[in-house]
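The structure follows.
Labels for the chains are A, B, C and D, by order of writing; each one numbers its residues from 1.
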């Protein structure tokens, strides 16, 4: 077997960092050569995530202490908080321009700098890189991703909503001004930050909406939905928090266009995904649970009739840390490094 | 203080039965005189719900063994499974016609026997009583309830959706053909029946929709929404299960009519409920958590702008066992027996 | 009815503060006249705990801004973090010496200043008050509590362990050198502080021990067990965290002394508690769930045979926020202010 | 690569069956050739566990319909309920005597038929096979397992307790009459049977002991502990249920023998397991969480000082479905079929 590729993870102390380690530890074609975590620099990964204590992993270092050229990394996963990524990656690519990068933040997902500035409240700090970046929804941008140096890994909510809706918008099968996306996320989607509203006792045994009417992920949906439809699409989207660790579950309400029924929409999705390894469309009328994809890179999609004539209800679910973040990032890596796309991310879901 | 009224609970071994016992144990105007539970007949209530072991409560009996006339009950709560109630109550009221009844099942909620037959798959067995029954959404039918002998306590999902929507429909403030109700329920809503899909390991750490497109509660919504709007209203409604015990949480998508904004809708609700003890409308733009009403008879409602011009997002939440079932039943009892409406159900919510 | 007593809550933004508000809102003999929360000063209680938004409550103030003499409080609940309490209460009692105080922290529980200094790492700052303080385990110190100005409310773990063990130690019915207390707590026991290890995703779907071999609560157990036994008793105690909000559950392993069997121990407990309103001893061989006391001021105790001859297993459970903290504090207040002991804390447990 | 071995799973509709499918789907040396589930016969595995719908798996059949000789299975995992296994396996081995078997039930774990009859209330139905069976705790019986035809996979509680205690008993390092094992299990340990006490609302947000003083697993512990110690050992053991899916967590109280300290015990365990792939001993004084082994075949063990001189507290945790059942079964299969022992079960734990 060929020599293993050297990969690094920036921001290894967050949940998406830990999920990358989990997946990459058993990936046959790469070795984890670098782990950064500024506030935990000097510690072992097993101090930050005790489940990794038995494994042989590099010690955590601070980003500023890394000699990018000397590390000779083939690929870097960047799992840093939104808005801190831009400067870091500019620096990395100046020092080691051949490094490939999968960025898990939102920093390079928006093509239009004005849109970025509007939603994030500041100018983009790496405009050249933003131009270069390829949007990493593999099922639709595979060809570009294979040639890309910098891939912007999509968000978890937006992946859940795009996989069922993009094919329908491309087929002009649904009305574009009546899309309602009602989505619930597990708590790992909020990261490992010590905030009062994320404490166990604030979250367990209850349910709530948040960011009602003004969630940042909307800009990513607007961009991709509008590209797919060939005209501006603004969907209604409400995120919720459910008392679970992993899982995004979206219930999507649409109206068929020009007589398209729910079954027509189902057929479009079945055809679209019949050869995709990570998207499974259930038989018509059946809908999945988020549990059925837990820990895997799968997306499960169901389509059913609404009782209102001409309308359909679509359900889509994935594991926010896997297909919604780190698993999709590895899928992107596989495409970028020329590995079979399922390498290292073909675990079956873990239920119960 | 006047003598305490004698009340009975039919179906005391279910969750709504237990919740009635919890509330009535500290109700100053009534005593629990009868508890039935056919399969647990002969046992103490503390055998079925150990939390009640320290309390002095009547032993469980079978319904067929009750001498209704001799019991001289002032009021009966009927918490039997849907469809079993009709014959039981016919019998009770033949033997003891002065007994007042609050029925927590769906059996007497639908006014039109044809609609009942369509959704429940069989003829109604107590048509006379169905005619007599008053729909027990106290905030809107208080006057009739005070004079009623038989009150049909509303469902938990439907109460959650009606409290925000009925005033808006009455005010003709929203379009009637674009209402989407996306709702999540805690597991106690499914009762205490031993079914595989309700096991802890099937439910925890996940989220799912069910009954997509064809849930029975829709018939109750259709009836009340149409009455309020003065024309036929068919709303889209999708129920979900969240891994929590108590709580219904509805996110409702509406379009304002004739230029009505989200703030206009908010104002209508604030005015409607400013004197109601059990409905609280949050300041505009804020939305509640289901946790904030846990264990209480409160409903919390929030209204926010949708990003789509002309549309609003309404959030409504209550505890399915309290305001969604047994608490509302006691509220009905209070109205029927002439007690102040908050008697015995004024506990503050329990969070965390 | 007599005028309501004026009570204050110092530290109203913590979980025990919120639980005090929940209980006192419906206490017929007191009114909440003061709420402090330094970091949330100026806010409404409904901003900090939205469940209280519909209630009429005083605005939160900073402790330093309170004029203790002018407030004319009859009683203060002090729910401040451990070690901050001493100076605050010294100040309060200098300005308003007639105020009665129930302190929920650990600051005044230890009678011996040297023991305090050893376990808490610093000298006690209010030695005079410490001498005056009465240990608030009502079931055993009722007479002293009625006359006390300052009551030190016991800890949640220690209450759970003391209620079954104190009577057995007093009766010299168990060996004192083989007591093993294995206890699990819900997360509210750790308070409302934003710490990484308390995040939902760090806590849910798992179980762990903590403070193994060196938990501070041991000093409180040592003191009370030794007093009860009339000689030094050092028990083994291991606390655990379970993924639940409320509940302490202790499984206690003891050896009967001089031929005492498990049934003998059971009999001692039954006799001890037959007239106590808040302690219920189950029939021999049965053991309770923590769910069966949730939200109530009850303690449930069970005793069973160990398979090792001469040994017994005792299970004891209570709600850490109620009988383990705020409920017991109200019980103490009731004793101090001459109310019937169950006033305002006689809610039935809430299960499910 | 050599041809894949053909394996079958009897009882594929239970949780241990599903966990076997999860692990074996990605095992490079075997193919799943047979799945039985009597009550679900004729259905697809994806009907019973929707997470497997996208995979190519044999349809479920009834045990009585299997032609054991024709199937030419190399190995069978038997995941049937306790007591049903004996007759089934006798039949299998008569028809296809070369089949190797890993039995996950308790049926073949007890060597002494009299002990079996005492704990299970009936005679053993396959005494010859019981004689032949090898106890499958791989870390201690590896040599026998490699040559065995029938391996009795240990129980989940007992594996958790044996891995830390067997080496200490063999070394005569602890007193044998003061062992207290206090253990909590996740709900999957109770299987997928629809019983009221296993419903979400009966289990969540609470904690309880069960089988206090008389749990069947004790017989397995007695047997193995006594063999290890060379004399009869009877440990105290109390199982508890925690509101989590996966995980067994045991807190074990022991007294060192002849001056052995907690550190001495730690050293024995470190030495015992330094080369074992599936047992990790933490640094002295540290204790693990059950979360840190979730989904993996790892056991994590910690040792700390008790505050009582001469005593130690040992914590041991594993995933009850993996190392506590199906993972250990695959580990046994690997040994029996001559594969490297970690094949297919080297996934890193999944946390969060």
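In this section, a residue touches a chain if its C-beta (ideal position, glycine included) is under 8 Å from a C-beta of that chain, and two chains touch if they have at least 3 such contacts.
Remember, predicted model here, so these are calculated numbers, not experimental data.
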item: Contact-richer chain pair [B-D vs A-B]; value: A-B
item: Centroid comparison with chain D (C-alpha atoms), farthest chain; value: B
item: Intercentroid distance (Cα basis), chain D paired with chain A, Å; value: 36
item: Where chain B and chain D are represented by their mean Cα positions, the distance between them in whole Å; value: 46
item: Chain A and chain B, separation of their C-alpha mean positions in angstrom; value: 40
item: Touching two or more other chains - residue numbers and ranges from chain B; value: 15, 186, 188, 201-202, 204-205, 243-246, 288-289, 291, 294, 351-352
item: Residues on chain C engaged by chain B in the complex (per definition of touch); value: 15, 18, 21-22, 25-26, 49-55, 188, 204-205, 245-246, 280, 282, 288-289, 291-296, 298, 300, 321, 346-352
item: Chain B partner contacts - residues on chain D that touch it in the complex; value: 15, 186-188, 192-196, 198-205, 243-245
item: For the chain D and chain C complex, residues of the former touching the latter; value: 177-178, 180, 182, 184, 186, 201-202, 204-210, 212-214, 218, 234, 236, 238, 240, 242-247, 249, 251, 253, 285, 287-291, 294, 302, 304-308, 311, 313, 315, 317, 351-352
